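First up is the structure itself, then whatever we jot down about it.
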């Protein structure tokens, strides 16, 4: 059977069997939660509490006025011990709220479900989602209420639910779909309702037959939801690749999926929306896969935001071997952190621990122009040319003729390169340098 | 003169006896302006333009001035004068009409004067005893051959720019070696026209 | 548990995993794929062909080590690229060459074909073919002395014969067969005069299938190359099957026109490369004074490769057509 | 002392072929044999010395705007002289050098020296410069021709005749050496010159 | 024979006349004007095309100067005399501003691989700007030099080399003072200082003594010993490491002796 997919891309080694079949375990709430005030793309939150305050579980502790932002809630109940810079996934330190757990998990009294959501208008629902602090949990961390409010001139005709989970090791989405398919379908219906009852398409890679079956069953017989099996190929879960595979539409260069009438959401986000609407609970915990050869007992956890990696890894039996890298997210696009003191944020769906012997230590050799990067690139760029232009600082050429900014940073090029060249790294570097230069010019 | 003959002249001038690669005419601009594809193309077009006109003009000078007046020994002087004037004319026109092209070609436009391919093709036309039309065709074809050789070269040199050529060979030496290998590849066309 | 901050983790850019293939593996795959043709060469032309291959390989490795040492660079002769170049060059030599010729040829291939441009990955032309064309231009007689398989009797290649006579009968006489079918069969198996490694088509195809299976080469160039030759032959009124089987077409199409360094990186570019090479091959075979056009056509397309790359850039996702 | 410096300058430090990369066409085209390179070099030297002298003499008279055409006229007159002389006295060489004799006119060395040197300095210095450049060009061409000829044919066919060297020749190596024809063909010209310039770069760098 | 000569001359003269007339006409018909001062200014500029002036190369700057849209002081590389000659050419009355001091760049960090602690093991592009994007770079000190040579790669004058312990070394003779390395450095650890001055505090860290000592043994600990001993009172502190007022500094070198962590150097002594 031929599954739907997008052109090009690569096949990975997956390594999902270590965690795929295991039931999800709820992790211990941390003794001290360190909640960074940057957990999404957009304007950072401003603390809404003071040191010494008592906070409830689910109480808003950070928010900002700006449009593109999402509030942050306390994952536990307890006392605010400090407001200080702490290690963060993205930066060396970020202003964080440090809360000492009182072990009570006292729920914030204002929290309540919205059983009659079908009668609420889209704006109200979007506001509920905003107040629930929902952001894209597939890694992008883009505030979801913005995504669900496409510009008025774009008519949306489909909402895509992204259950591809195409990265190595990660299985938290898979477990979610197997264990709580009704959350996913329920959440999808809420989104569809917000967008004007558009059709729902769920895309799941064919290497997750259990998830496919569960979601298909939960979706029922109605024709408003179609569940489609996708070819197991990386980066199937990329937004643009998803749109191409499921609907055969191409998101315009530099544009958003809404420009071709589509809104794409990750299954974890969708399930969280369902949870929020049906229980009122904001985003204070999430499913996370702990896997990789450096973890003793890999598994899927439901963990509170603000739990340190150190705690999560001990929950899974601690380390195994000499640890070299701790990666937030999957190994293809994840971030290797500089310390395990960083804490869980809303968009981290996996922690992969690598030992020294698991990473590629080969030095970059040379380009033999084998064209594998060109054949692999899911947005049809020529990574090798971009690499050369980046190295020779010929950025203009790279941007204009070779589409530097169309790169989705999936890492396929670096993965396949037999010369072990840092292709994607150079492309990212060139992008950052150009943005830097542009900012400087604006400054002048 | 029939089509076949013209085709022979063209194939011969472009491929088999390529003016740069087999006859060594126009090597200075060939080595100088082949660093970038855009400029190489510009140079090729400028040369094509000049060579076509020069072939025609020199033929006229030869057959209507020098031959009737029995002044063949003045050929070199007369031809080079005509060509120098033509080049200067082209330079003026390009400078006015396309400043970017002018900037790109830079000092090489005046160098077309000393592009021996231009004078060379004029002299060859006379020596081969071509009539007016074959002269014109030969001049144009030779220039197209030059353009072909220079854009192939420019493509390769842009790639060489990114490579790790030993320092002693950087620049002209590696360009010469590449030209040699290109010339070797053009051997394949040998004997295509008998 | 130790202080997490005292543990120096590795921080690097994604992706944190890499594919299995590396350059060395690809090169040795090509070398492995070339083994059947080598066995065929020994079978048809005797142990001397093995000697030629060995000399070429030894000289190529020696030359590369020497030049890299002289240039003050790391010696990388174990990466397999010099080995592949040398074997390809050896397969492109007649079985009768004096034994100093492979030595010179290998030095030229490595020195002039590769190292002057900075080594592996930078050479614009296929080094083995550069070397062969130089050898052919330098010692035309030595490079065109062919022998009958299993025998030291001098002979001509089918292509050279057809160049003179323009009909298959002459080739049939040459190979002592009477029907077209047995001619094809004999040419397919490689029982005729020619370069060491180019005659035995099944051996070459075996290696080619292996390379495709290992994804070292893609179908683009070999398929377009071979089919363009067939179609052009048909259009020119020649026997397409003969031209597919004769000369170094299969060796060239599978192993030399697929040399990644000197061919386009874009899919469309590779197709144009095959088309161009096929067309040029047949034009040279039909109209040129040389009997064989494989090496020149590939070299000419090598020269056009930067232009092909530039003008056949793939359409970027989301640009242009929906 | 100045003229001597000007003279030696062209021989080595600013050798037109190896350092200034001028006059590539004849350097490539006629150097199939040492003797041809020598002939071409001497012819060019003659034109160079004469044109440098005349242009230096006239440098104050020639108006700035039309100096290039004026130079060309001067140069081409001397080329015509060379052409006629060679035709009369060395028809064999004239035949071999072919169209590259009239093409001395467009040899960049000559115009470049006229523009860069003769148009600015006095007669003696200009003549010395012309001679140095010319002889620098000559030895470069002769060397290139010799290398190509020895490798390509295994001998120096005509040179010994010219210098009255007995024909000890390179016949000795004939038995061992199969000449590599390639170097006297077009690709060989490019490659040999390229490698020689590279070699010169290497030598001068280490000096 | 003589008729032949006359004929030759006549023919050539006629040819010359016709071509000359044609060109003269063309010259007028296709005439363009270019301010000759541009070339004159260009001749005075250094010609390194380093781009430090913000224009595309020296020719772009020359044009801007002649049009009047750029200041003479825009070129940091030009020496005083050259700038004055340019002022003469374009008639700009701005000599007051012409910088009389040649500036050169200096790396304000002496924390090499042995003295400065690492916080993680960076494995990526050898480029300070790229490395800074990962948690502000692998050095614990957030102000110090990362030693990956981005300044070397942007220097148009090849004036910077890397020491074995991974600190850039500036060749004072080659440095033209264009300031490109200052712009390129993601750590702001490169600064310009007058060439005549020799003493510089090679630390960029404003951290308090304890924090600074934890990350680098060469870090300025703000002990004020240097300021106290300086006879010219040229050393001062403003919320950061010791700073030197080059107008007052006499290059006496007492502070170099006095500094307990040895982060003050006589930079012109290598």
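Per-chain numbering from 1; labels A, B, C, D and E assigned in written order.
One rule holds for everything that comes next: contacts are C-beta pairs under 8 Å (C-beta built on N, C-alpha and C of every residue); 3 or more make two chains touch, one makes a residue touch a chain.
Note that this is a predicted model, so its numbers are computed, not measured.
Asker: Moving only to chains each one touches, count the minimum steps from chain A until you reach chain B.
Answerer: Between chain A and chain B, the shortest chain-hopping route counts 1.
Asker: Using the touch definition from the top, list the chains contacting both chain A and chain E.
Answerer: Shared contacts of chain A and chain E: B, C.
Asker: Which chain maximises the distance between its CA centroid and that of chain B?
Answerer: Following the centroid criterion, the farthest chain would be A.
Asker: Between C-E and C-D, which chain pair is linked by the larger number of C-beta contacts?
Answerer: C-E
Asker: Measuring between Cα centroids, which chain is at the maximum distance from chain D?
Answerer: Relative to chain D, the chain with the farthest C-alpha centre is A.
Asker: List the centre-to-centre spacing of chain B and chain D in whole Å, with centres computed as mean CA coordinates.
Answerer: Result: the chain centres lie 22 Å from each other.
Asker: Could you give the separation in Å between the centres of chain D and chain E, each centre being the mean of its C-alpha atoms?
Answerer: 44
Asker: Whole-Å distance, chain B centre to chain C centre, using C-alpha means?
Answerer: Chain centroid spacing, chain B to chain C, equals 34 Å.
Asker: Just curious, how far off is chain D from chain A if you go by their C-alpha centres, in Å?
Answerer: 71
Asker: Mind pulling the chain C residues that touch 2 or more other chains?
Answerer: Within chain C, residues 5, 9-13, 112, 119, 121-122, 134, 137 contact more than one other chain.
Asker: Which residues belonging to chain A are in contact with no fewer than two other chains?
Answerer: Within chain A, residues 338-339, 422, 425 contact more than one other chain.
Asker: Could you pull out the residues of chain D that touch at least 2 other chains?
Answerer: In chain D, the residues touching two or more other chains are 69, 73, 187-188, 191.
Asker: Applying the document's contact rule, which stretches of chain B touch chain C when the two form their complex?
Answerer: Touch list, chain B to chain C: 37, 151-152, 155-156, 158-160, 162-166, 169, 174, 177-178, 181-182, 184-192.
Asker: Using the touch rule from the top, collect the residues of chain A that touch chain C in their complex.
Answerer: Counting only chain A, the residues touching chain C are 10, 12-13, 168, 240, 244, 249-255, 260, 310, 314, 318, 323-327, 331-341, 352, 354, 359-360, 362, 365-372, 374-375, 378-382, 384-385, 401-403, 406, 409, 411, 414-420, 422, 424-425, 428.
Asker: In their shared complex, at which residues does chain B touch chain D?
Answerer: Counting only chain B, the residues touching chain D are 21-28, 31, 73-77, 80-81, 84-85, 110-111, 113-116, 118-120, 123-124, 127, 166-169, 172-177, 179-181, 183-184, 187.
Asker: Which stretch or stretches of chain C touch chain B in the complex?
Answerer: 71, 112, 115-119, 121-122, 124-125, 130, 133-134, 137, 280, 283-284, 287-290, 293, 295-297, 299-300, 302-307, 310
Asker: What residues on chain C touch chain A, complex-wise?
Answerer: 1, 4-5, 7, 9-19, 21-23, 25-26, 79, 81, 119-122, 218, 260-267, 270, 309, 313-319, 321-322
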